[in-house]
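First chain A sits with chain B, and in the next complex the same chain sits with chain C.
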Partner chain A sequence: MTTLTRGAWGYAGASLDFKTGNWRSTDKPVHLHAKAPCHAACPAGEDQQAWFALLQEGRAQDAWEALVAANPLPGVTGRVCPHPCESACNRATLDGALAIHNVERWLGDEAVAKGWAYPLEAPAGDAPVVAIVGAGPGGLSAAYHCLRLGLKAEIFEAAPQPGGLLRSAIPPTRLPRAALDAELERLLALPGLTLTLRARLGRDVSLDELSSRYAAVLLAPGCQEGKEWDVAGAVPTDHREGLALLREFMDHGSFPEAQRVIVHGGGNTAMDLCRLMKRAGSEHVTLVTASGLPGPNTAPGDLINVVPRELEEALEEGVEIIDHATVGRLIMKGSKVTGVEVVSLRKLPGGDGRTHRVAFEGTERILPADMVIPCIGERVDPEGLEGLLERGYLRPADSWGSLSRPNVYAIGDASGQSGTVAAAIGDGRRAAEALALRLAGEVPVSDARPVLEAPQLNPRYYGGGARPHVPKLPAAARDFDSEIEGDIGRTAALAEAQRCLSCGNCLACDNCWTFCPDNAVIKTQELASDGSHYLFDLDYCKGCGLCAQECPTGYIQMVPEEG
Partner chain B sequence: MREALEGSQAIARAVTLCKPDVVAAYPITPQTHIVENLSELVAEGDLHTEFVSVESEFSAASVVLGAAAAGARAYTASASQGVLLMAEVLFNIAGLRIPLVMTVANRAVSGPLSIWNDHADSMAVRDSGWIQLHCVSNQEAVDTTIQAFRIAQETDLPVMVCMDGFILTHVMEPIDLPEQSEVDAWLPPFVFDRALDPSDPKSLGMMVTPDYFPEIRHAHHAAMEKALPVIEATDRDWEASFGRACGGLLTVEGDAGARVGILAMGSTVGTLRAGMAEPGAAPARLITLRAFRPFPAKALRDAARGLDHLIVIDRAISPGAGGVVGLEVAAALAGHPDMPRLHNHALGLGGRDIPETIYADLIAAIEDTDAPGFSVFDADLSKLAPEDR
Partner chain C sequence: MSDPTPSGSSMPDNPRLAELRRKHGRPPQAPGAEPPQITPRDSQPRFRGLESGHRACQGCGEALAARLVMESAGPDVMVSNATGCLEVFTTTWPQSAWRVPWIHSLFENASAVASGMEAAMKAKGKNTKVLAFGGDGSTYDIGFQTLSGMLERQHNVLYVCYDNEAYMNTGVQRSSSTPHAAATTTSPAGKERMGKRHLKKDLLSIIAAHHIPYAAAASVAYPQDLQRKVRYAMGIEGPTFLVIHSPCPLGWKHDSCLTIEVARRAVECGLFPLVELERGAVTNVMPIRKPRPVRDYLELQGRFRHLFAEDPRAEEEQAHLQALADHNIATFGLTGDAEDPADTGGAALVHRGGPLASGGF
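Now for the complex of A and B:
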C-alpha cells in the first residue's frame, strides 16, 4: 500500500504506478522500416539508404560492403546507370536529389584503389553448380549472387572477353576500360566461379546439356542482333545497323566516313553513336526519334529513353535532334541514300482505346544525308534457344526470371524488360536468390514493404545542402578515350552522405525519446543507427503520436491496436 | 521602537525582519506600496533576498511556489484582479502543501471596476486551501505577517495575511516593529523536509488518479483543522515574547452580558469599537473573527452562546446566497442549542465608507422583524430603478 506524501509529492519511481498506457484507445506507435524510394526505384535492388547511413559515419568500406550486397559492380553502374534512384529521391522536394550515382562511383573506385575484397566465403566443395549463359552484367551478377548464397557458378560466354554489352557497346568515354576491367577481374577471381570464353550456346554447348549437368541454368545472352529495318520496303545497299557499327568502332576505332548522318531511333545506343560519329568528324549528325525531348510538349511516358546527362552532353557536342518524328521516305540515287524525308508524328486515339503515333501530313521535309543508321533496338539471337523465345524475347513468368522450362531462368536484356545494366544486375540477383531457395526446397518471397513517400517525412529536422559539383570535360576537349564525367572525390562523397534523409529508417536522432511526454520511449543501448535500441513501453504510451509526428524519417508510424 | 509608518511600509519592514530567501510580486493597487518598499529595501541593501521581477501575478505565484518547493522562505503579495490571476497557482501552492506567506491588500473585484476596499478578492480563493488571517490594524498586520511564516512552516500550509486596502495599507500609524534579534530568536530558520534536492529526486505536481485523490483532499482538510490550535498557540507565544496579541482565532470584547452580538473581520472592527464607545451606545458583545480559514466553528459557538441576536458583518457577498461570513456563521451555529438569531449585513462594499454611527443603526435594525435575513445594509436603493431594487 502506497503511503501518500503531503501534497502528493512523488518520490523517484512513484509515477510508475500510473500506467498511462491504459488510456490508449485507438493507435499505437510501431517501428516500420519502409523502403526508401531510392531503394524501391533501384533496378539493381541496392539499399542506398543503408549504405549512405554507413557512409554518414565515415565507414566507407562498410558502406561499400552494404552496396555490393546487391550490386557487385558499383564502379560500372556509378558511370552508366540512368539512376532512377535520384529521380525517386525524396530530397528532390527539399533542395535537390542526392547525387547517389556519383557517390556510388566514388565508392566503387575507392574499393578498387584500396583493394577491398567482396565480403563472401568460398562455397563448399560439394556445393551445387549453376550454369550461366553470358558474361554480361546480368550473368556476372547472377554468378556473384550464386557464390554469396553458397552455390558455385560456371559462366559460358560466346565472346573472347567477358563484359557483354559493357565492353561491346558502351564507349570508353562513358566507361573507361580500366574501371570495367578492375571490377570484372575482382569478380571473376572469386573462388567457386569458372568462366569459359568462346563458348556459344547452340554451337559449343546446348541448353539440354546444361540442364542435365547443372543444378540450374541462368540465361543471360543479351540482345545481340539488330532488328530488321526498312523504310517502305527500301534498304540502302550500304546499310549498317547501329549496334554493329558501335561494336566495330570498339574493335577498330574507326567509323565509315560520312558528312551528313541520320540516326533513326532513340536510346543509349543511338545517343552513343551520334556523339562518337560527331567526334569522328561527321559535320551533321541528326537523330530522328519518335519520342520527345524533355519539355512541355512531352508527356513523361513519351520521353526519349536515354540517360538525361547523356542527352545534355550530346546537345553540347552539337548533335541535332528532331523529336516526335520519323523517317517517312528514303531518297536514293541508285542504291545509295542521298537524303531522307522526315515527317512529324502526332498522337491520335486509336479504335482500341490506346493512342497511336501517326504521320502528320504536311510536315514532311527533306534532309540531305550520306548515311542513314537505324538504332531501333536489338533482339535475342535465337541460336540455341529454340522453342523458348516468345515474340523475340525469353519473357520470364515472374520477377524471379523463371521460364516455363524447370530450373531455367532468364536475365537481363534477353528477358525483354527495361534493358539497363542495373536491371540486368537486379535480374541476376533475384534469379540467383530464387533458385537458391528453390534448391533448398523453399519459396522466394517478394519484399512487400511500403515505400516511404515524401509527405511522411518531417523535413524541419534536416539541414540544408546543395548537390556536389560534378566535374566534366568541356565539349571541345572530348575525344574517343577520355572519360567525360569526373570523380566528385572523397570530401564531396562524404558530405553528400550527410544529405541523405534516411527515408523510412531510424537516424538515432533521439527525437522520439526526447519528445515522448510519458517517457514511454526507452533507449536500451547507445549506438545503433538501425533504431533497434529504441523500444516503446506500451504500459505508459498514451498513443498521442508525438513520436511519429516528430520522427524525421517516417520510421515511426501509428497503427490501430489489435482487437 | 515605535515608528510612524504607512501600513504598506510596515509590512515591507516586517517581511524584511523574516529574512525571506525569495520575494516575487507584481504591483497592483492597493498592494503596490508593499512591493515598492520591498524593492527599495533590497536596493538599499537592507533586505538580502532574491527579488524576482515578474511580468504578472501568475508568474509571481509560480516563482514563490518553485522557490519554496526548492527550500526557500518565500513571500508574495497581491490584491483584487491580481489574486484572481494567481488563482490557479494559489490552488496549486496549497494543494501541494507548500508553506509560504502572501499579503492580500483586500480590494473589490471587477466588474464594475473598483480599486477600493472590500473582501471579494480573498473570498474568491476561500476554497483554495490557504490559511486566511484578517487584521484589524496595521500593528496586527505586522505581527500577523511574522507569525504567518512560523504558522506556515509548522503546518506545511500557505498563509494569506488579509489587510484592508487603503484603510490599512495607505494609513500611517505608530507601529512597534520588533528588533531583528528578537525576530531571529522567535522565528526559526526555514526548514522544509520535502525540499527538492537533485541527489534525492522527488516530483511535485504529479497526476493523481481517483485511487488517491480523496485521501489527498482529506489530508489537506485535516491539516487545516489541525492548524487551528497552531494559530492560537503561535499568537500566545507571540504575546509571551512581545507583550501583545493579534486575536488568536477570534476575540470577544464588549459587554459579556449583552444579548446582542456583532461579528466582523478586519478594519470594520475598529469602527464598531468606536461606535460602541460612544456615550449612550447600546451594549453589545463584539466578536472579531481573525481566522477565516481554517474556520473556528467551535470557538465561534462558544463566543455566541447566550446571545439572542448576532449581527454578522460581511465585506463580500455571494450574490444569490448572501454574505459569505454570514453563511459560514449560520452553518457553524446550525443545530446547536442556545444559538442566537442571525442578522447578516454587507457593509462597505467597493470602499463605501463605514461611519461610526453604523453601530447604532445595526443594533436598531434588530427590531425590524420584517427585515430579510441578509441585506446590503448601507445601500441606498433610491439610486436604483424600481425594477432593479
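Now for the complex of A and C:
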C-alpha cells in the first residue's frame, strides 16, 4: 500500500454536511392547499375537486361519499342547480369548464341504483334531538348533517309530502319525481331521523314549545307568500302570482287560458312558468326582466339568475325575452288587462353607493297581453314566527344562520338571501355544524383559505379534451313529464373526471420531485401531514422556485421566509 | 510503504487535511456498530448518485441534468469528469456530492481517462459502466480531440455533455456551443456586433460521423425522455453520446424558476431539436406539437435582450435565429402529422399518481 500524494478524495455523499438551505434569501416553497374555485363557488359547500380526484382513480363510491359529506342530494342538485361551480371552473380558460353538474347527477343516480349507504353511523340513544321546521332541501340537509354530527333530528312539515319546493315548484321536466323520491326515501330512512307530516308551525306546533323540548330549533319554512304587486297602483282582477300559478299547475295540470302572456321577473320560477305556459298552448310568452342576458358585455352581477341551460332551452322553445326592461304601466280595459307598457331600464350605481333601477324616458313600447304574471319573489309566511321576521324574512345575524333567539337558526329561502336549492343545502349544513359545535361548547370558524386562480396553474402539463356531449330531448318532443336533459353515463363521467385540473391540490405527479436540481424534495410513501406525498428538505432547498413554477396545480407556492 | 489505516486517514503527512476529514468527512460505518436511523431521504425510490449539498446556483439546469442521468444510469457506474461547473460545484474538498466512484483530472482529458478506466474494468473482468461527463467547453472545444479518439477506439463509455452554451464556471465566456447572437463576456452585444458572430457548432453530426451505435440530444424539460435515452445508451456495448440542453440562470440571465420553461421553449421553437442517431442515421425525433416562434424563447433570457432593442440589426438577428430554427424543423422533420403521445405536448402530460400511473386521455 502506497501513500497517495497527488490525489485526494471526499467520502461519498459527504456534501450532505453542507446545508445549502441557508442560501435562500427571499422565498421558500410551501404546500398550500388553496380552495379550488368550484368549491369556493358552491353554495352547498361541496368540494368538487376532492370528489373528482377520487373519480380520477375510478373510485366512484368513494367519490360519492366525499360528495355527500356536504350535499346529501346530488341527484337533485345535479338536475336543478344553476352550477356556479362551472362558471368558476379554471378549465374555462383552457378548453371549456368541466360538466360538473352532469357528473354529480350521474354519481347521485349511481348511488341510488347501486344502493350505496350514506357514510354515517346511527346517533347514540341519548343524543340531543334537534327540531327542524320544513322538509324542503334546507331542512332535509340540516337533518342529515345533524345525523352526521351525532345528533338526532325531528322534522315538522306542513305539507302531506316531504320535499318542499322541489316537489311543489320544480317541473318534472327538470326534476323527475322518481329521481326526487328515490333520494328522499333513502335520506328519510336514515336512523335517528323522524319526519312528522301535516304539522304546521303556528297551528300544530309552536316555536316556544319546540325551543323548550329540543336542544335547538332550525327554521327552514321556505317562502310561501307572494309579495304584493301592483303597477302604479293598478292590479288586474284576475291577478295571479307566479309561484302560486306554478304550484297549482303541479297539482292540477292546467293553466288559465291566455294567448298573450307577459311574465315579469328574472328567476327560475319565471323561466319555468314561461316554458310550461308556452308548452301548454299560449301563443306568445314574453319574459320581461330587469337583468341582462349572457354576453360579453354583461357584468356577472347583472346576469339573469337562472340555470344557463334552462335559458338556452327556453329560447329553443320559442319563449321571447326582453332584457333590461320592466313593466311600466298596465293597459286596462275596465279592470281587465289588454296590454302593458314596457320601458327599458338599467341597474346603475347611485350617489349613495347603492344600486338603483333607472328607467329611460323615450323607450316605452306597448305590447298586447291577456295576462300579466309577476314572478318577483315570495316572502315568509309569518304564521308562528311572530317577532322574528324583519322586512319579510328571518335574516340571520351570521353565516351560520343564528337568529336573535338562542339556539334558533334560519335556513334556506326564509333567510332572505338569493335562494337556490344548493344555497339551502349549504345553509342546512352550516347551521347543523355550528349548533353541534356550540352544543359541545366550541365556536364555529369559517374556512379562510384563499381561492386558486387560473394564472397560478401551469397549463403545460394538462391534456386537451372537450366537454362531453349531453343527450337532450329535442324542442318538439318536450312535454310536461319527460326529463329534458339526459344522463351522460359512466364512461363519459369517468372521462370527464380526467379533465379536472385539481386546482390547488396535489396530483402526486412527481414534477417537484423530478425537477428539483438540489434533491431537496423528498418523496414519502405514506401521505405526509399536509396531504401530499412530498416533503421539502429546507436544509438544502436554495429557493430557486422551480418546483412552484412547474407545479401544474398551484399546490406549491413560494412564500417569504419568516423572521 | 505506510501502514494501511482503515479509517481513511491516508494522508498522515498533512495534518490540515486530516483535521478537515474528521470535521466534514463521513467515515464508513464500522461493522457491528449501531445501524444509522433510516431517514425519508435514505428511502427514496430512486438512486441518489448526486446528493444534496452541492454548490450549484439556484435553479441550475446542469445539476438537474446530472442528477437525472445518475438516477437512471447508477449505481454500478464510475464517472470521469472534465473540468467545469459540474466538477467544481459537486466536489468542494473534502466533501463530495457523488455517491459513485468519480475522478477528475484535467479539462481536456475526461474521455482519455474514461478510456483508461474502461480498459481497466475490462482487464479486471468487471461490467461496471464508465461514464464521462463534460460541459460544452470541454466537449465542443477543449476535450474534443480526446473525445474523438475515445469514440474512434470504440470504448464502452457513455459520454454525457451538459450543454449550457458557454464557459459558465469561469464567468460566461463564449464557447463553440454558444448560439448565434447570444451575448457573453467575450461576445458582448454593442455597437460592433449583436452578440456572438458565429454559429453554434453542430456537434451531434460530427459525433454521429464517427459511426457510433448511439448519439442523442435530450433536454431537462423532458426528464422522462432524457432518462429513456440514458437507459437505452446504458444497454449498448460501445461508445454512446448524449448532449443535454441545460439552461444556466446565471449565464443566460433568466429567473432561476424558469429553467424548465426556457429549456422547453428551446425545444418547442426548433432551436434545440431532440433527435436520436444510430450509426450516423437519424432514427427518432421528438415531434413538436405546436412550433413556437423563436421570439418566445429569446424573450425570457437576458443574453438575448439586445435582440429586442430598437435596432434594425436586432430584427435581422431575430429573423436569422428563426431561420435557423425553421431549418432544424425542416431538416429533421420535427412537425408531426397529428397529436402524438410522444411529441412535445404529449410527453409533458402529467397524471394523478405520477408518470407511471395509468389514466389520462
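Note that in this section the second predicted complex is superposed on the first by the 529 of 563 C-alpha atoms of A that agree within 3 Å, B and C clash if a C-alpha of one lies under 4 Å from a C-alpha of the other, contacts with A are read in each partner's own complex, and residues count from 1 in each chain.
Note that a contact is a pair of C-beta atoms (placed from the backbone, for glycine too) under 8 Å apart; a residue touches a chain by one contact, two chains touch by 3 or more.
Remember, it's a predicted structure, so these values are computed and weren't measured experimentally.
Counting the residues of chain A touched by each of chain B and chain C gives the higher count for C.
Of the two partner chains placed around the shared chain by superposition, chain C is the only one that A:K542 touches, whereas chain B remains out of contact. Looking at the shared chain after the overlay, A:Y11 reaches both chain B and chain C. Overlap of the chain B and chain C contact sets on chain A: residues 2, 4-5, 8-12, 14-15, 18.
On the chain A side of its complex with chain C, the touching residues are 1-5, 8-20, 23, 53, 56-57, 460-465, 495, 498, 502, 507-511, 514-520, 522-525, 535, 537, 539-540, 542-546, 548-550, 552, 558. Note for the complex: chain B touches chain A at residues 95-98, 156, 194, 200-204, 206-209, 212, 215-216, 219, 223. The part of chain A that touches chain B in the complex is made up of residues 2, 4-12, 14-15, 18.
Listing the residues of chain C that touch chain A in their complex gives 1-2, 4, 8, 10-13, 17, 24-28, 40-41, 43-45, 48, 50-61, 63-64, 67-68, 90-100, 220, 223, 249, 255-261, 264, 345-346, 348-355, 359-361.
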